[in-house]
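Heads up, the next two complexes both have chain A, just with different partners, chain B and then chain C.
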Partner chain A sequence: MNTFRKHVIQPIIDCWSLIVGLKITGKYFCKPLITVHYPREVIDSENLSTYGGHVELIGKPKDPATPKCISCMMCVTNCPSGCLTVVKSKAPKPTADQEAAWKAAEEAGEKVEKPKAPKNPAKFIYDYTKCSLCGTCIENCPAKSLRFSNNIYWVATSRAEMKIDLLARLKGQAAEVSAPAHAPKSEASAPAEKEA
Partner chain B sequence: MSAYQNSEQMKGDFYTQKFEAGKRDGTLILNMGPQHPSTHGVLRIVVELDGEYVVRAEPVLGYLHRMHEKMGETQTWGGFIPNMGRVDYGHPMAWNWAYCGAVEKLMGIEVPERAELLRVIMTELNRLTSHLLWWGAYILDLGAFTPIMYAFDDREMLLDILQRPTASRLTYSNFRVGGLQMDVDDKCIEMIKAFIPHFRKRLPMYKDLVTDNLILRRRIEDIGIIDQDMCRRYGCTGPVLRGAGVAYDVRRAEPYSVYDRFDFEIPTQTSACSAGRYLVRVAEMEQSMRIIEQAIEMLPSAQGGYIVDKAPKPAMKPPVGEAYFCVEGGRGKVGVYVVSDGSKTPYRVKLRAPGFSNLSAFAEAATGTLIADAVAILGSLDLIIPEIDR
Partner chain C sequence: MSAFVQQLLVLIVAAVAAMIWLGINALVWVYCERKFAGHIQRRPGPFEVGPHGALQPLIDGLKLMGKQLLTPDNADAILYWLAPILSMLPVLLLFLPIPYGPVLTGMDVNLGLLLILAFSSFNGLAVLLAGWSSNNKWGLLGAARAVSQTVAYEIPLLLVVLAVTFMTGTLSLTEITNMQAGHIGNWFIWKQPLAFLIFLVAMFGETNRAPFDLAEAESELTAGFHTEYSSMGFGLFFMAEYGYMVVMCSVCSVLFLGGYHGPFPGVDGWWWMLLKTFALLSFMVWVRWTYPRVRFDQLLNINWKWLLPLATFNLLATALILKL
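Let's turn to the complex of A and B:
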């Protein structure tokens, strides 16, 4: 009798669990969709804003086309994967007249003030193929000139495209922002100011 | 030598040739993997089959070896942290914590209370994502497709929460020596507070949909017995050990960080079978939520910031010495052993992956079972192959 119960009756009782499962499936089948059909719909910008895409430069609040970067090379030294290449700007080449004037002044024993190299980088190349998005460059930037972009729809079709010129990108962004009006510009630089 | 090994065309590669067939005649040597959906990545198992029954099984590893330990010797101390996010994609925060904890121990850094609580919250949220991923994938292995959709529904919410303070969705590397990369904002705390009651409501649904299901129970009960003795021999930890009835959890056994302040239970099952391990993991999700709730309550009164003042730079130079730190990961005891010779790069980094020990027990547990059950046993161990190969 006991084996009969174990092998025949109990399995029939246990089959109720299948009906319970089907009930749940039916309930959720009638609920609205929670997924997004991508090309026609996109996810909300609230979620996009926290997305950490590739690294990008932050422009100066007053001059969004120029980065806050001071070419100190902290990002380059601390990057674990070596994906950043920063080239410092050189001092402007003096003209022949200037050189002659400085020479004369030096001979006269005066202190000469030669123009210093601008702090802005001449080149800021970022190799996305190597980046592991750890954010070490962002933390170690003393000028707070780097951040994660939320460029979620960016695609590259070749390896060369993955090498991004961040200075050109910043110029493009600044032109885009300043084109309609001045109002959105402050919005773009707001997070930078907050960090600073 | 089976008939297959004699044939020139079918003799296979090194592992298949060296895999000596047993005394029985007429057995079949079969490769499961390395490209097989049930092996979660690139695990390969050479099995000797007698009909449908597994006579012997042997895991072959190394298809996903990325030499993380060797990379540690060439990276700076801080530069190795992103690697920790890649060792185990299921529960990367535990690895982050184990490594940062070891370096902090070496340097004698005391982490602020707030940072510790935030670490606890994030690691427990990550444990939920890890268990949800396992839960969906395990049921998928067993042939049920829809449950992974429910699991990923909830997992996506968790990823959205974790995306805010970490800026990544899978390979988190937001731990730093002395604290965290960035602070958690109020919105994130609100999202966690909203998520926990929502997930509490979902858990009974999971139980009705899958755990109580007749087909699943008949499929996983009483197969793949890994008892206490076997766990001791192979060094199994985590849910595998707790499924065998041993209430061992690093969070309770050797409380690190602030885990001694929380009130939580260590779920155990005495059946030691696949179903036991399944139930332990499902029960652990509830305990993780309890820890998160308590940590969030403590957060406003916590001292300090999200990172210690004067946190070391990535090119720090810890004093000469060695340190070992272990934490409880989603799969078991995660340990990191670091040796410093006083330079900018570690002298040696040794990673103790729980999955490696858990997988070792598979060969013995699967012997004598049906090949379909072997898949169910393999899934119940919650293997993440990148972690095993490292």
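Let's turn to the complex of A and C:
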């Protein structure tokens, strides 16, 4: 009797799941569509904020054109794909007068304070062709200077364009924030043009 | 004009009309299927070509025609190109005996049902030829699956149809339709509910449609029996698939849903037939985008362990009741 139940009755009862499945797809069929027809519509800001695009630099709160980056190279070391290139800034080259002054001071036995190299990177190149968007650079940044951008409509038509100068991009973004009237709608297309 | 010439003319007109009807159906149902699938997944489906993408199937057809016809190396060229034609041609014949309206019947044959069942099995042969002759492992596997599937599912289908013909005593689709005239209560679905369900399931098996599309199982066999076909070779298989779907749904609505008869007296007409057929087709599409593909042993188990005994039981019960 038990086998009869298992092999005959139960399958017939289980057929109800077929109806359940049809009900689910039928319900979804009647729901409104969620596709955004791109050229005619753009994605609303709520959905845009959750989009994780390529990596970008974060500016200092008071000076948005300069990144928080301290050129510690943690991102370069940790990047599994080797897509980041950071060049540290060098100390400003001393003029002849300064050098003479330092020499004189050293000879006099005084302690010379040569200017240190600024912490900001001189170059921050990001090769998007190699990036797998794993976010390791973002996790490892001690200065919290990296994040995923919302640059959803970004397009590149050549490999060279895929190498993004993140410093230039940050400058462009800062300029846009300070003068928003000139770029009313598309945050997306403006940086793309700058990168190109 | 002699009767022979007259009959011949009617037949030619009917055959041309069947071709047009098949072409229109293929276009419309490719579009509807893609739209249906899209909406079930909450996306729009084809949208860019024409208003709401309505011209997409036409453009796809043109694209297919513009492509090169390739014959794979070591393929049996004659059989290879015979297969899509063999798949397509019987479909045209299948439309002839179906009564779409009181006078809208291509060819009123008194063995119409037999003709449809006999010629629809040509598809199995065409699929076998296609898979075997294309010298491709996926093709061969798809063909082997298709044949064991169509042969298996034909048996419950025939038994179910036999049960209906026990009741009607005729194989003419027109007469079967006329026996269901009057009102909705006369439809055979009420007298043969089990047969209707079995027919519905076997219909999916016969037309190689999901969830029984083992013959072309994309995830395992790339495209199954038509892997190697390009251009209109593939196009013909595609059109034939939709053709068989339309034929099967038409036969289903004739056998169980009263054909061109309306649900209440006095409103008979071809529009009912069309409505019922299209409702069944929509159901097929709905099912395709709901259920996952079954495994092959499950497919045959459903047939041999469930459909076949049930169909036999249904046939015996019908015979017994009719005798009493």
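Please note the rule applied: the second predicted complex is superposed on the first by the 145 of 196 C-alpha atoms of A that agree within 3 Å, B and C clash if a C-alpha of one lies under 4 Å from a C-alpha of the other, contacts with A are read in each partner's own complex, and residues count from 1 in each chain.
Please note the rule applied: contacts are C-beta pairs under 8 Å (C-beta built on N, C-alpha and C of every residue); 3 or more make two chains touch, one makes a residue touch a chain.
In this text the structure is predicted, and so the values were computed from the model without any measurement.
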item	value
Touching partner for A:G21 - first (chain B), second (chain C), both, neither	both
Which superposed partner A:I34 touches (first chain B, second chain C, both, neither)	both
Touching partner for A:S132 - first (chain B), second (chain C), both, neither	first
Contacts of A:P80 with chain B and chain C, given as first, second, both or neither	first
Which of chain B and chain C A:N47 touches, first, second, both or neither	first
Those residues of chain A which chain B touches in one complex and chain C touches in the other	11, 18, 21, 24-25, 28, 34
List of chain A residues in touch with chain B within their complex	11, 14-15, 17-18, 20-21, 24-25, 28, 34, 47, 50-52, 77-81, 132-136, 139-140, 148
In the complex, chain C residues that touch chain A	36, 38-44, 47, 286-287, 289-291, 306
Sites on chain A touched by chain C in the complex	11, 18, 21-22, 24-26, 28-29, 31-35, 37
Parts of chain B lying in touch with chain A, wherever the complex brings them together	75-76, 78-82, 85-86, 146, 150, 153, 160, 163-164, 166-168, 171, 173-174, 176, 181, 205, 208-210, 212-215, 217, 313-315
